[in-house]
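Here the structure is laid out as structure tokens; the discussion comes afterwards.
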Amino acid sequence: MNDDEHTEKSKSSYMPLIIASGVAIFLLGLAIYIPVLVAGLIIIVAAVYKMFKDGAAEKFSGTKETPEEETYPLESVTNEKLGLWIFLASEILIFGSLIIAYAYVRVNSGSWPIATQTHNVFLGMTNTIILLTSSLAMILSLYAIRQGNVKGLKIGLGSAFALGIAFLVIKLGFEWPELISKGFTITSGLPASTYYVLTGLHAVHVAVGLVAVGYLIFRAYSLGFTSSKHIAVENVGLYWHFVDIVWMFLFPLFYLI
Amino acid sequence: MPQPIPNSTADWNNLFNLSAIIAVIAVVIVIGVMVFFAVKYREKKGQSKFIPQIGLSRSRAREAVIFASISIILLASLTVASYRLTPNARFPPPVSQSLVIDVTAYQWNFKFTYPNGAQTIGECYIPANKSIIFNVTSSDVMHNFGLMDFRVKIDAIPGRYNVIGVTTPSLDGNSQLNYTIRCYELCGSIHSYMMAPLTIMDPTVFNYWLANQTATNATLPGG
Amino acid sequence: MFFLIVAGSLGMLMRTQLATPNENFLNPFTYDQVVTLHGLLMILWVLTPLAAGLANYIVPLQIGAKDLTFPRLNATSYWTYLFSGLLLVGTVFLPGGSANTGWTLYAPLNTIQFSPQPGATLAILALALFAVSVTISSINFITTIVKKRAKGVTWTRLPIFTWSILMTMALALFAFPPLAAGLTLLTTDRIFGTVFFSSTQGGSILWDELFWFFGHPEVYIVVLPALGIIAEVFMTFSKRPLFARKIFIAELAAVTILSVGVWMHHMFTTGVNFDVLQAFSITTMAISIPFEGLVVGLVLTLYKSRIKLSAPMLYCLAAMFTVTLGGVTGVLQAFPVLDYAFRGTYWIVGHFHYVMAGTALFALIAGLYYWWPKITKRKYNESFAKITFVISFIGFNALYFPYFFLLDMPRRIATYSILSGWASLNFDATVGAFIFGPAILLTLLNLILSYRKNESSEANPWDSKEMEWTGDYSGTAEASTTKDNSIQSKNGDKS
């Protein structure tokens, strides 16, 4: 009852306008003047924070499904999950296009540095294991909450979050500085450019995923999840698995071959 | 339309004319029928009854198949015709039988390098009755090397050599034939002015001229 | 609407510059920016969003949903679209102006070395933001059409316009990410100094591939909703169901799917392996077959009908003319040997203006007129609409038909010499522009004025049997247009 009221009441919101303007200002700054970019970032962060506080996933979810609707052949998939899958389809395409561009560039260039000598395969492998474990943590947290085990949920989410942070720390704090000190910078040539662009874009996706997982943790401690109301956990988990799978492609493409 | 070059563009013109005629006939039929229906079946006063759907009856299905087959046959034959013409440009006669000229496009002119190392800028001279191979590239942005009179063009892409070949016609009593090379890809502000005259000369005159060229010495041939 | 006026004015500027030889109305650098912005704005910020805007209103009505599945995402998509467009238009005010590469943004002209102005960077970022907006929108529409249909609206009963939007959105989902990928690489080139497109190792062709893999489906994204609208208008104004409805839907799907496999026909002159190009020539011709089927199916819908020649119908008839003429000129371009002559010339400009400014724009105007009473509950002035239609149609053809005779005039040139012989046709075209442009403004005026008159329209002024007008989704109404039954009429008439 409480939820119905909640959904009916808050139909309009300024969030779309604010987030859109934040992003636009960010891009404007990127093109012309860095302080403007910072201003845009501040707006975005503030908006996201407000969304956190409002338990925004409740507000952003679609209209309720009524049983009289025609939904063949996807009756069992919720609106949000379908939306997320479609979004993931477009993400697969963007990473796919970039990977194909990388392949094109590499095949057409005369020489390419040997991957195992350029990159720290040990750190790369560690990161791979970290991401796989974090995906496992997400799955376990989903199992936990399905059985109503809130403590298990929190442990799972927390572990996934910590592992994600570890991934970024290893990549940005150890790998990249090491590469840069060897002269392998973003401007030093195509091998470096493709590496940084692809893994960088992936890292951005990891960061966004961390924000989402962070939101779940935030909510686990405030509004809470129950064994019947936890769809967000599943959806964020889905996104997180996708990010992991992309890494499964990037790792061999850049570190091993 | 630029003057067609005898024996080089006649085939192209024929193919174009044939395709254009088929296209125009198609448009006339389709739109003619449509306009005919629009006029013939206009609503008259007091008649608004809804007409029930007539589904895809068997005679319609047959017509649909006939229509599709005609289109496929037409398109297939045009494809074959066009395919046979293409080798002229993309697959020229061997280098041993041709004159090879390197073309470098840049902002905003063309530089031509002849087999003996001589270069001309902004103008090109070639002999009549010869197979000419142009090795086209660019030194900065993407340009296009367009010989509209021969109905061919090829992109000038930095870092890449694209080959295009033409066969020059005979002079037929003219002392020379004058055509224009233009750039057909937006390449910056002076794109509008990027063009070079192409002169086809008598082979003897051409050989004499070429022998007297040194690099970057672009004098007008024949005195 | 705003962008239509902006981009339209840019078009008028171009025609003014080209009216006479050796004109110095616009300097070449400015002219190139005008060309770029006119193209980008028209294709991406006018035609696609007009269709999406109509769809936003009409698709829920057609399927019996209350709203799109994610209303707040919908708002986000709208605001990002608006801001991306404002950013793009704003680039002209930056020092050095905007991008000057043409809407195709070819490399290496688009790199910081050859286009150092920050306006070009911002234009590219604006384009990326627009891609985000479209992706959000497509997620929303696809989810809605799949999951929020009212009872009785099964897949076979789905209205044609909604089908066309579903396919458009699916195609958009597929097409925009490669563009985003290319823009990402270009952005890192321009801002961080990577060398993807400055590189002399295939950098240009990499952009060509990425861009056209997006670019070709993009133009079908523009045209598919138009076909959907034409189908709807034809049905209502001829009081006939669509001829061979299931085949029509199948042909729409065929066009959608094939459109991702034809992109290299924009690259016939790049010197890529010829066998590959020949394959693309074949796929391009293959796509014309279902397309012809669509056109013929629409014409046959009018057979033995009762046609009311109101403004929406007139615009759709015009759109059929332009799609046929534009389409056949496109088929001619599918042959590499012919395209060698067409590439980069005004023939191409003529072709795409016929299908985009002609078919898409006319169909969208028809859609606006057709659904105006539904959306705004107002009546526009029908006679005024008919008059502006005639003016538009004359102006349109006067403007674009001459282009097919300017076969050797290069595209995007700012001026030409009197020796070229192009002067008189260019002048005629400019006259056409000054007829067509104002006619479009008058059309908009007509729609806006309908608010001033405050005369509300009846609920179903066209007496349409379509579901968005009748509100009856369960399909029990007699002789519904979405029923696909092969009824023979009473006299056994088989036609």
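By letter and in written order, the chains are A, B and C; residue numbering begins at 1 in each of them.
Note that a residue touches a chain if its C-beta (ideal position, glycine included) is under 8 Å from a C-beta of that chain, and two chains touch if they have at least 3 such contacts.
Fair warning: this is a prediction, and the values are worked out from it, not measured in the lab.
**Student:** Based on mean C-alpha positions, which chain is nearest the centroid of every protein C-alpha shown?
**Tutor:** When every chain is reduced to its C-alpha mean, the one closest to the whole-protein mean is C.
**Student:** Based on CA centres, what chain would you say lies at the far end from chain C?
**Tutor:** Centre of mass proxy via C-alpha means gives A as farthest from chain C.
**Student:** Once you find the CA centre of chain A and the CA centre of chain B, what distance in Å lies between them?
**Tutor:** Distance between chain centres, rounded to whole Å: 49 Å.
**Student:** For chain B and chain C, what's the span in angstrom between their mean Cα positions?
**Tutor:** 28
**Student:** Please work out the Cα centroid separation of chain A and chain C, and write it as a whole number of Å.
**Tutor:** 33
**Student:** Can you pull out the residues of chain C that are in contact with at least two other chains?
**Tutor:** Counting only residues that touch two or more other chains, chain C contributes 199, 201-202.
**Student:** For a test of understanding, state which residues of chain A touch chain C in their complex under the given definition.
**Tutor:** Of all residues in chain A, those touching chain C are 11, 13, 15-17, 19-21, 23-24, 27-28, 30-32, 59-60, 62-63, 65, 68-72, 74, 77, 79, 82-83, 86-87, 89-91, 93-94, 96-98, 101, 104-105, 108-110, 186-187, 189-190, 193-194, 196-197, 201.
**Student:** Using the touch rule from the top, collect the residues of chain B that touch chain C in their complex.
**Tutor:** Residues of chain B touching chain C: 1-2, 12, 15-16, 19-20, 23-24, 26-27, 30-31, 33-35, 37-38, 41-43, 47-57, 59-60, 64, 67-68, 71-72, 75, 78-79, 82-83, 85-86, 89-91, 140-142, 144, 146, 148, 151-155, 157-160, 162-163, 182-192.
**Student:** So in the complex, the part of chain C that touches chain B is made up of which residues?
**Tutor:** Residues of chain C touching chain B: 27-29, 32, 35, 100-102, 106-109, 114, 199-205, 238-241, 244, 247, 269-271, 274, 278, 281-282, 285, 288-289, 292-293, 295-296, 299, 302-309, 313, 317, 320-321, 324-325, 328-329, 331-332, 335-338, 340-341, 343-345, 405, 407-408, 410-416, 463, 465, 479, 481, 483-489, 494-495.
**Student:** Which of the residues in chain C come into contact with chain A in the complex?
**Tutor:** It comes out as residues 66-67, 69-73, 75-76, 78-80, 82-84, 86-87, 90, 94, 118-119, 121-122, 125-126, 128-129, 132, 135, 138-140, 142-143, 146-155, 173-174, 176-178, 180-182, 184-185, 187-188, 191-196, 199, 201-202, 206, 209-210, 213.
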